[in-house]
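Which chain is which? They are A, B, C, D, E and F, in the order written, and residues in each are numbered from 1.
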Amino acid sequence: MPYVKIELTREGVTREQKQTLIKGVTDLIVNTLNKDPHLTHVVISEVELDDWGYAGEQVSVLREKGITADKK
Amino acid sequence: MPYVKIELTREGVTREQKQTLIKGVTDLIVNTLNKDPHLTHVVISEVELDDWGYAGEQVSVLREKGITADKK
Amino acid sequence: MPYVKIELTREGVTREQKQTLIKGVTDLIVNTLNKDPHLTHVVISEVELDDWGYAGEQVSVLREKGITADKK
Amino acid sequence: MPYVKIELTREGVTREQKQTLIKGVTDLIVNTLNKDPHLTHVVISEVELDDWGYAGEQVSVLREKGITADKK
Amino acid sequence: MPYVKIELTREGVTREQKQTLIKGVTDLIVNTLNKDPHLTHVVISEVELDDWGYAGEQVSVLREKGITADKK
Amino acid sequence: MPYVKIELTREGVTREQKQTLIKGVTDLIVNTLNKDPHLTHVVISEVELDDWGYAGEQVSVLREKGITADKK
């Protein structure tokens, strides 16, 4: 009985990327724990940049300063 | 001190249905656990169909295939 | 696709009361929204009294002062 | 590794108030627990008034009756 | 800024399986969304079988009846 | 109607520190948003080190390597 919640900042995640995340997380759980995929739910929640704080600052402010969350 | 979160796919739930859920869950908790209703909060969260995955697929895709979540 | 989380202070909730909550919430959702019960998950989470704060005080402190959450 | 979720009814919270909440919660955790702020995330989630139930009633209904959540 | 919560029934998940889930989810997000792994947190929450309800029944009851969540 | 969830790794947080967090978050919300404290709930959730993943590794493994979350 797995339930997974993925919270992300809302920064242009596409429908295809969401499908990749849902399929990938489900397969990972099914393969690692041998769970029935029909008992596995994944919920994605996109968060506005004003609503996510990191190190005490809104992500919207960090982005205005040119600070990204991209992999280096 | 109960707090309840109800997550649903966003598929036309009406204001009246939300009120039925809120009243029903609150009464259930008050009657089962003898809790003060003024300490009972219920939050409903509707999730877009692209954002809910079931068995590795987006619910939006399942709906396009004619697969519903209706009671049989 | 409903998922419900019920958070309660850990104060002697019995297995039977949990079953009553799970059955009651599931029936409420099935009847109100016409959802398939096999797509409905309910998770109960009991919270220690030191870990729940109400009006700025730990519930454990409120209970020591004789303040309960019982219905009047 | 702290993660904080703040759920509020959507009633005109400003960008500046959100920044105050994010900065305040982060400072509180950093000072109380001596945590690195770069490991502290805060997420604010605003909830529509139809979607928050208190004592069995939708907050939207309570507001129509003139009942507020303001400090007295 | 991703945060992921994985809720599972407590049924003997090992430390190694948890590490596989954490590594797998993090890699999936980093590769799909090009996110910095140092901004990616994953939290696993194991739920007692009395506390998880499926189709209106406690999972503990389902397990006593011989109904598992295993992949077929 | 605010509800706050604070998730922390379980690393010796004391009852007094929890009270400081609960009081501090409640005061912050009451003062910033002018909310009635009797409508403000705060829940602390401590997470085992094997169950929290950061940058793809369990915090328990990071701690074994001498990597802490302390403020520098």
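Note that a contact is a pair of C-beta atoms (placed from the backbone, for glycine too) under 8 Å apart; a residue touches a chain by one contact, two chains touch by 3 or more.
The structure displayed is predicted, hence computed values, not measured ones.
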## Note on the structure
Separation of chain A from chain F in touching-chain steps, minimised, is 2
### Task
Sharing over half of the contact pairs with A-E by residue number is what counts; pick that pair out of C-F, B-C or A-B.
B-C
### Task
Look at both sides of the chain B and chain C contact and report whether the same residue positions are involved, with over half shared, or different ones.
same
### Task
Select the chain at the greatest separation from chain B, using centres from the mean of Cα atoms.
F
### Task
Check B-F against D-F and say which one is joined by more contacting C-beta pairs.
D-F
#### Entry: chain C and chain E: spacing of chain centres that average the CA atoms, whole Å
21
### Message
Just the number, please: Cα centre separation of chain D and chain E in whole Å.
### Response
27
### Sequence positions of chain D contacting 2 or more other chains
1, 3, 7, 21, 25, 30, 37, 41, 43, 47, 52, 54
### Task
Using the contact definition from the top, classify how the chains connect: line, ring, star, complete or other.
other
### Message
Per the touch rule above, enumerate the chain pairs that touch, sorted by label.
### Response
A-B, A-C, A-D, A-E, B-C, B-D, B-F, C-E, C-F, D-E, D-F, E-F
## Note on the structure
Touching chain C in the complex, chain B uses residues 1-9, 13, 17, 20-21, 24-25, 28-30, 32-37, 39, 47, 52, 54, 59, 69-72
#### Entry: chain A partner contacts - residues on chain C that touch it in the complex
1, 3, 41, 43
### Query
Okay, in this complex, where on chain C does chain E touch?
15, 18-19, 21-23, 25-27, 30, 37-38, 40-46
### Query
Which part of chain F faces chain E closely enough to touch in the complex?
7, 47, 50-58, 60-61
